[in-house]
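Have a look at these structures, which come just after this line.
The following pair of complexes shares a single chain, chain A, combined with chain B in the former and chain C in the latter.
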Partner chain A sequence: MRHHAIDVFLRFSAEVTGFKIVELRGTGESGEYLGTLDRIVGPDVVDELLSAYAELQPREEAEREQLLRRQIFGNEKLGPIARNIIKLWYVGIWYQLPRNWRERWGVREADVTFTVSPNAYTEGLLWPAIGANPAGARAPGYGSWALPPEIPQV
Partner chain B sequence: MRFPSQAAKKTQLEAACQHTYDVVIVGAGVAGAIIGNELSRAGKRVLMVEAGLGEDITVKGYEEYLQRFYATAVKDNQSPYPVNPNAPMPRGTTVRPVAPGQPETSGYIVQTGPFISDTTYTRVLGGTSMHWEAKTPRMLPEDFEMASRFGRAADWPISYDELEPFYRQAEREIGVSADVEDQRYLDLRFPDDYVFPMRGLPLSYLDRMVDKGIRGTEVEIDGERYPLKVRPYPQGRNGIPNSEYDGGKGYVPVGAVSTHQVEEGERCQGNNNCVPICPVQAKYHAGKTLAKALQTERLELLTQAVASKVHVDPETGRVSHIEVKYYEDPDEPHFVTGNIRGQLFVLSAGAIETARLLLASNLPSTSGLVGRNLMDHAYLLNWALLPEVAGTMRGTNATGGIVDLRGGSFRRSQAAFSVDIHNDGWGWAVGSPYTDLLNLVDDHNQFGAQLRRDLAQRISSQLLLAFMVEVLPNPSNRVTVDPAYTDALGNMRPVVSFSVPDYTMRGVAYARRFAQTVFQRLGARDYTFYDPTDYGYIHYEGDGYIIRGGNHLAGTHIMGTDKHTSVVNSDQRSWDHQNLYLVGGGSMPSIGTANVTLTLSALCFKTAQAMLEELR
Partner chain C sequence: MAATDIQTIDCLKDYLYRAMQLEHATIPAYLSAMYSIHPQTNSDAYHILRVVVVEEMLHLTIAANLMNAVGGKPDLTRADFVPEFPTYLPDGEKDFQVSLQCFSPSALDTFLKIERPGLAPDANTRRIPRRSRGTAKLAACPEDEELEFYSIGDFYQEIERGFEHLYRVHGAALFSGDPKRQITSEYYYSGGGELRPVVCMESARAAIGLITGQGEGDGGGIYDAERELAHFYRFEQLKLGKYYEPGDVPHDPKGPPCQVDWTAVYPTYTNPRLEKFDASSELYEYARDFNRDYAEFLALVTEAFNGKPQLLLDAVPKMFRLRNGAMQLMRNPLPASKASADSAAAGQPDGPANAAPTFEVAEFAR
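Presenting the complex of A and B:
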């Protein structure tokens, strides 16, 4: 188990998803998602992303956002992986990396679009973000749909 | 609903071939299940032959469907159900545009066009009722009189009032939730003291927002005015039982089925997943009716047996036996053949498979209409964003809609429609909410709190109006077979030719204008876009539209009053073969603007009565 990597991975994930670390841990998916990244793009690339994130010093929010965009989301190699991490947390799906990424940094055998596990689907963060349940699971109860939605403010 | 575990043990082919059953039924969907249940409960010995695997006979099997659904990245109508090359099924995700002069063969149904449909049906135990949305409107009285009232299509051989008692039987069997006061419109008639088995499901918050915006407004067609409102749909899913049902006896909802006690599915919980699978079985599926039939221990189930040929005695014209191909492993094309014998035979494999089987059996037909007059509702989708958050993505898939234009004098010249408000947002049209996430992350470059806020704003205010537009029978819309196209077991695949009639397209063009009017009144931003490269794209009078299949397949063996102009009589008995009943949507001579399941179920209760008379 990559204990240090998991800590950085969770801090990064919390910042880019807009959810708290405790909420991410609550999904039970952090190990599975880091493992998925290791398996698909390899631990060296994952560590490159996590080190780049760890190097960002604590700063004001606006400045941090700019740094995240310049150093990570706007990085040709790390950007697509960072965006895929957001998608993993939100819907439990690994989306195949863009073609130009594969051509430049190599095709990975496991890099196809797939749902990580049945649990990854039902634990997606998209659903709480929009005040709904994952379709087909965690039902809110008879007649709940008639009430106004409760969407958490962030 | 419990049934004895020994009844769940599937019949072996060898054993089945040694008997002559009172009734042999091909296809364990809702039509076959109703007839099987009625006859076995009346003491008849019934064999049900099913092409699919029958995984869902216990709760454990049903859970496997659910896990398969969770684990798939593309959650289409068929995603919970196993891929089975020995009993293949059409799938929306495999449909491609047709190349000029070339049939489209990538899916199970070979399509020669010109219109290419993504319509589906499911070949598992329970049939398409496993993934149906379970809206259960009755057809309108005027739908039975299309020729005499509007000079279109043909009148049914039976009237609304003759079918009405059978509608009530179907509503009991399916377990319909609705309030009768909401359903008395456009001359829909019920006995004075009638109530539905369960109270209507409440309208969604989204429905109410739409209703607030349009109530009290009107549209005008051909000089007639139609007031607008959102009305609840009757639903084949469990709600709160109505204590006044059945003269005050009340109604006990049927929950999940299994061989052991399970407390699940007695009331809809708002999973918002009716299509492709209700996780708790609060939605009706034919397995519930089959479980009742299995309780009698007079109905046997032969699964993994694909009916391949209907054999007829040339002297009497009666069906002598049905040849089935029985396979052990869905991934191996190996099979053994058996002959199933009975007094009466029922084909209830769905409008396309029943026609396919008859045509593959090369049976003579006096009318020449087997496979012809294929119908399916044409769906036109319109999507917009409401000015405020409406809580989209919550509830059962569709609770309300606009149904005032299901009937009217305009039907002399253009198709009628009913409009569903989709509680699952733009999913059907553009793949929401997944596509919204990808767009915001990859294109809008959002992350963190801003991404959350944008997602909530974008998805929770989605409004999708799905117009279910009437399609009339046309003999050249048809199913055929061609030995050039076969499945893994060597059975010929269905070949479909279909064009959307002008009458329907006039209704489609009006539907688009109607949606624009509704969006105007709601202050909604219209995002509807019909991509000209889409397989369902149709050009009509200067504008383009995308038409989607409705999975409401009908009309391949239409009923009528004589053997030269129809395939079956009003009891769904074949004119050409006295002991053969062709049942299901295929018997319907027109489909109006009602989802077909309730009406075909009502017809099957009528047929069961006729079959019992015949066997007496």
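Presenting the complex of A and C:
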């Protein structure tokens, strides 16, 4: 386990998903997702992304957000990976990187679209975000569908 | 008929409050083990724990029905209702304590003790010989007496004797409670057995028989009256690594293997307390929120048990949210600075420990 990397990965993930680190760890998937990134794009590229994020840390929120957009999401190499991290957390699926990324930075053998694990599906942030449970999992209790969804504050 | 200590209806109500405390005290312990199991692993253990804990919830509800039947008021919000863990069981089993801990061999050993079959074929041996002790403990009844039963079954036998005795004295007047306060199956579904109203001696006997049968088996066998394996023997399968089959005798299961992976478990901090959390952390807030939700849940169940049984239906989604909250905590590491002083203490997992719900509800008392 890459302890320092996972801390930065969680801070980055919390900022870009709008969920708290406790909630991200609470999915039980943080190690799995960082491992997925390492396996598909390689630890070097992951560290490049995390370092770029760590450099934004001391700034004010508004400024940081602007830099986040420009230097990470707007970066040809790091942007698609950052977007993939958001999707990983929300739906538990790794989406194959865009064609132009693969042409520019090289095709990774493991880079295919797949659900990371059965647990990744049930723990997707999409479900708490809409106040629902994943179909077929995390049963909310008989009759709970008659109650309004509880949407967490993000 | 053997003599009973339960000579008054008030004394019976004290015993029934103890029974509710007792049934409830097992639930945080079983949930702490069950939710610590990694998803998609240990399905044998997970399912055994789930059956047992759901039946404990049924037993708690049956105890409330017995209380209501004799005109008592079930109260899950009393200051002493939720124990501080580790705790002795409220029926006075003094040779072990129950901890909140992750699924582990030591947790399983405790569960086997909780569910152990009764010692006592007759009234003279149902109590453990009285010892002198320095520690004070709340007495049930009469005021200065401490309960000391060997098993939950022995404790319920005493309650049944009390019912029989008071029924002889008072007749049907013993069952003075409003039948509308009884929780029946329309409010309580797929909860480990059928819930029947307690309105007479016969239904009281059946209710007590269901509780003891599900816990430790009927008449020394491994099954209860519904031909379901009793809790003790369900847990013993995990200990012995084999399932029981029909025809098996106690302690010698001959069925297929029952597998346990002790490593596929979140290593949660044993008997966690909020004080072990960094009070300025997000994690602390979540742990405290769980306790608040749990306190509110117990208050809602209390209302349901006091004439509003339909509220139990509202309690169901709250239970599932408690589950989600507990699992979330257990996947978060407890920062070392607060926990490390105890990491070498007995009963803690090796290495860094994770958080877990603390079930401390006192600050949210109503």
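Following the convention adopted for this analysis, the second predicted complex is superposed on the first by the 153 of 154 C-alpha atoms of A that agree within 3 Å, B and C clash if a C-alpha of one lies under 4 Å from a C-alpha of the other, contacts with A are read in each partner's own complex, and residues count from 1 in each chain.
By definition in this document, a residue touches a chain if its C-beta (ideal position, glycine included) is under 8 Å from a C-beta of that chain, and two chains touch if they have at least 3 such contacts.
Being a predicted model, the structure only gives us computed values, none of them experimental.
*Asks:* Following superposition onto chain A, is the placement of chain B relative to chain C best described as a clash or a fit?
*Replies:* On the shared chain A, the partners fit.
*Asks:* When the two structures are overlaid on chain A, which partner does A:52 contact: first (chain B), second (chain C), both, or neither?
*Replies:* Neither chain B nor chain C is touched by A:52.
*Asks:* Anyone got the angle at chain A's C-alpha centre between chain B and chain C, nearest 10 degrees?
*Replies:* Vertex chain A, arms to chain B and chain C: 70 degrees.
*Asks:* Between chain B (first) and chain C (second), which, if any, makes contact with A:93: first, second, both or neither?
*Replies:* first
*Asks:* See if chain A has more residues touched by chain B or by chain C, and give me that chain.
*Replies:* B
*Asks:* Looking at the overlay, does A:27 come into contact with chain B only (first), chain C only (second), both, or neither?
*Replies:* second
*Asks:* Scan A:140 for contacts with chain B and chain C and give back first, second, both or neither.
*Replies:* Touch status of A:140: both partners.
*Asks:* Contact-wise, after the overlay, does A:118 reach chain B, chain C, both or neither (first, second, both, neither)?
*Replies:* So A:118 meets both chain B and chain C here.
*Asks:* What is the contact status of A:131 with respect to chain B (first) and chain C (second): first, second, both, or neither?
*Replies:* First partner only, chain B.
*Asks:* Looking at A:67, would you say it contacts chain B, chain C, both, or neither? Reply first, second, both or neither.
*Replies:* Neither partner.
*Asks:* Using the touch definition from the top, say if A:5 reaches chain B (first), chain C (second), both or neither.
*Replies:* In the superposed model, A:5 contacts neither chain B nor chain C.
*Asks:* Please give the least Cα distance, whole angstrom, that chain B and chain C reach in the superposed model.
*Replies:* Comparing every C-alpha of chain B with every C-alpha of chain C, the smallest gap is 6 Å.
*Asks:* Intersection of chain A residues contacting chain B with those contacting chain C?
*Replies:* 117-119, 122, 139-144, 147
*Asks:* Could you please specify the touching residues of chain A with respect to chain B in the complex?
*Replies:* 15-19, 65, 68-69, 73, 83, 86-87, 90-91, 93, 95, 113-115, 117-119, 121-122, 126-127, 129-133, 135-137, 139-149, 151, 154
*Asks:* Inside the complex, what are the residues of chain B that reach chain A?
*Replies:* Chain B reaches chain A through residues 66-67, 69-73, 75, 201-205, 208, 239-240, 267-273, 277, 279-280, 389-391, 393-396, 399, 423-424, 433-434, 437-438, 441-442, 445, 447-453, 455-456, 459-460.
*Asks:* Touching chain A in the complex: which residues of chain C?
*Replies:* Contact set of chain C toward chain A: 38-40, 189, 282-283, 285-286, 313, 316-317, 319-321, 324, 327-329, 331-333.
*Asks:* Under the stated contact criterion, what part of chain A meets chain C in this complex?
*Replies:* 20-23, 25-28, 117-119, 122, 138-144, 147, 150
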